[in-house]
Amino acid sequence: MSAVARVKYRVIYGDTDCGGVVYYANYLRLFEIGRTELLRAKGLTYREIEEKENLILPVVEAHVRYRKPLRYDDLVLIETALTELKPHKVRFDYRLLVEDVLHATGYTVHVPVNKEGRLQKFPEPLYHFLEKLILSEKSVYKNE
Amino acid sequence: MSAVARVKYRVIYGDTDCGGVVYYANYLRLFEIGRTELLRAKGLTYREIEEKENLILPVVEAHVRYRKPLRYDDLVLIETALTELKPHKVRFDYRLLVEDVLHATGYTVHVPVNKEGRLQKFPEPLYHFLEKLILSEKSVYKNE
Amino acid sequence: MSAVARVKYRVIYGDTDCGGVVYYANYLRLFEIGRTELLRAKGLTYREIEEKENLILPVVEAHVRYRKPLRYDDLVLIETALTELKPHKVRFDYRLLVEDVLHATGYTVHVPVNKEGRLQKFPEPLYHFLEKLILSEKSVYKNE
Amino acid sequence: MSAVARVKYRVIYGDTDCGGVVYYANYLRLFEIGRTELLRAKGLTYREIEEKENLILPVVEAHVRYRKPLRYDDLVLIETALTELKPHKVRFDYRLLVEDVLHATGYTVHVPVNKEGRLQKFPEPLYHFLEKLILSEKSVYKNE
């Protein structure tokens, strides 16, 4: 079973800017689609984490390396891997490809916070769920 | 005292699309800036309506007429007027201008809803506040 | 053969606002996904219209009626129909549904413009292509 | 003369998400507003760079550290400094503050590219213009 989630996204006009390419902020929208899909593919939705665990996972850090511009109508393959897990922290790494060519990489780091906004550890069952998703071949997917 | 609020907005890359102009959805962002400014200029913030009146004003209808494209770095003058008020409904009309030339017009219709999502009348004090903002010279500002 | 295109879209965090629902401007992103899909399903991409016909189709009018709020993680069914065609104008109508319940309707009107920004007639072949897409059961799909 | 540009931005509904805070991608919109303002404050617009120098400055790397969430109606102070300049590369660092409290930091790296998409050196006059903006007190502004 692959620990890397793959989902496709078709670029629309609304994602692009007047430079003729996808606006740099919108790569983070694609990353969101990717990590949501990774969880969903493994049987958990982010909505369930929020509702059942009474927990949110705000982002504390984001990084993008733009290699080749994404363009209107491109069918982007979003690859997402869970590359790091600590009791208070989880990291996802992303690769964006068009027709097998790498266009961008990046990562986001998230921390578990309760509804009152206080940092907390991952609850045991969620931690174990995430643990099973950690990617072994880190060399490829963990960017910089 | 003019009942029309005027506020300026500088178009950024992130507002535009690969057609070289502002993406059509983002005109509704400019309308939001306009109506927020109209309330604020008259001494009320939308945040206060939410918090003090325990009320939100979801949009039930929006319309835009695109006349000339807005472009990157344009300094857009957003004019907003309250053009209709009923116990259960308020309408704002908008005009977007660049260097005195009209580029777009539009309107939005909003209804008062309580935090449980139920339609309700405007509370008396808020209704009277809004009543004073109604534009008399409707001919100019109420679009179509 | 149905003249109505149907495509699904999963709502992400980035589409929503702090009111807990999809931001009102982002309904126009969904409409763009819908009309692009209608053309693609019939064998033509919008990119091809731009490149082969040397033509763009800027929007001159947009309208949305918000009936029930779209929320995070909703799987939205976007239905699009071509409801009006004139030599200088085409109109698309949209319906957004979640689990068979209608949440929003709307339309956009577009005009053919050449790369120099001048209004022109649809070229013959494109006009005939679009003509075959016109919806007969207008009663259902043409909103207001 | 301070080499740090300061510009204010009022958060709208359209910037936020259903977590009740500004969506993480939209911090990059604020960074764009910041670096545009830095150039403008020193007498050069990004539009002029594009048009006169026949040059664009695509972003090759972006990083954000989210410290405290930005919220609806916050008046955000965007501070921008040019912190690194090489013949083929320029870096901007950003700090976002609300009421003097630091909420986020980040940076973007850009490279000069001609209209044909080829990497090139900064033209002499532009390089000298940017050189004068380099921040000396790097310790404060250059993040991580």
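So that you can tell them apart, the chains are marked A, B, C and D in the order they are listed, and the count of residues begins at 1 in each.
The rule is simple: a contact is a pair of C-beta atoms (placed from the backbone, for glycine too) under 8 Å apart; a residue touches a chain by one contact, two chains touch by 3 or more.
Values in this document were obtained by computation on a predicted structure and should not be read as measured data.
More inter-chain C-beta contacts link the pair A-D than the other of C-D and A-D. For this pair, chain B with chain D, the centres built from the Cα atoms lie 29 Å apart.
Per-chain CA centroids place chain A at a distance of 24 Å from chain D. The distance from the centre of chain C to the centre of chain D, each centre being the mean of the chain's C-alpha atoms, comes to 35 Å. Residues of chain C in contact with two or more other chains: 13-14, 19, 21, 25, 28-29, 32, 72.
If you draw each protein chain as a dot and join the dots that touch, every dot ends up joined to every other dot. In the complex of the two chains, the chain B residues touching chain C come out as 19, 21, 24-29, 32, 56, 58-67, 69, 108.
Note for the complex: chain D touches chain B at residues 10, 12-14, 28-29, 32-33, 36, 45-47, 72-73. The part of chain B that touches chain A in the complex is made up of residues 13-14, 16-21, 23, 25, 71-72.
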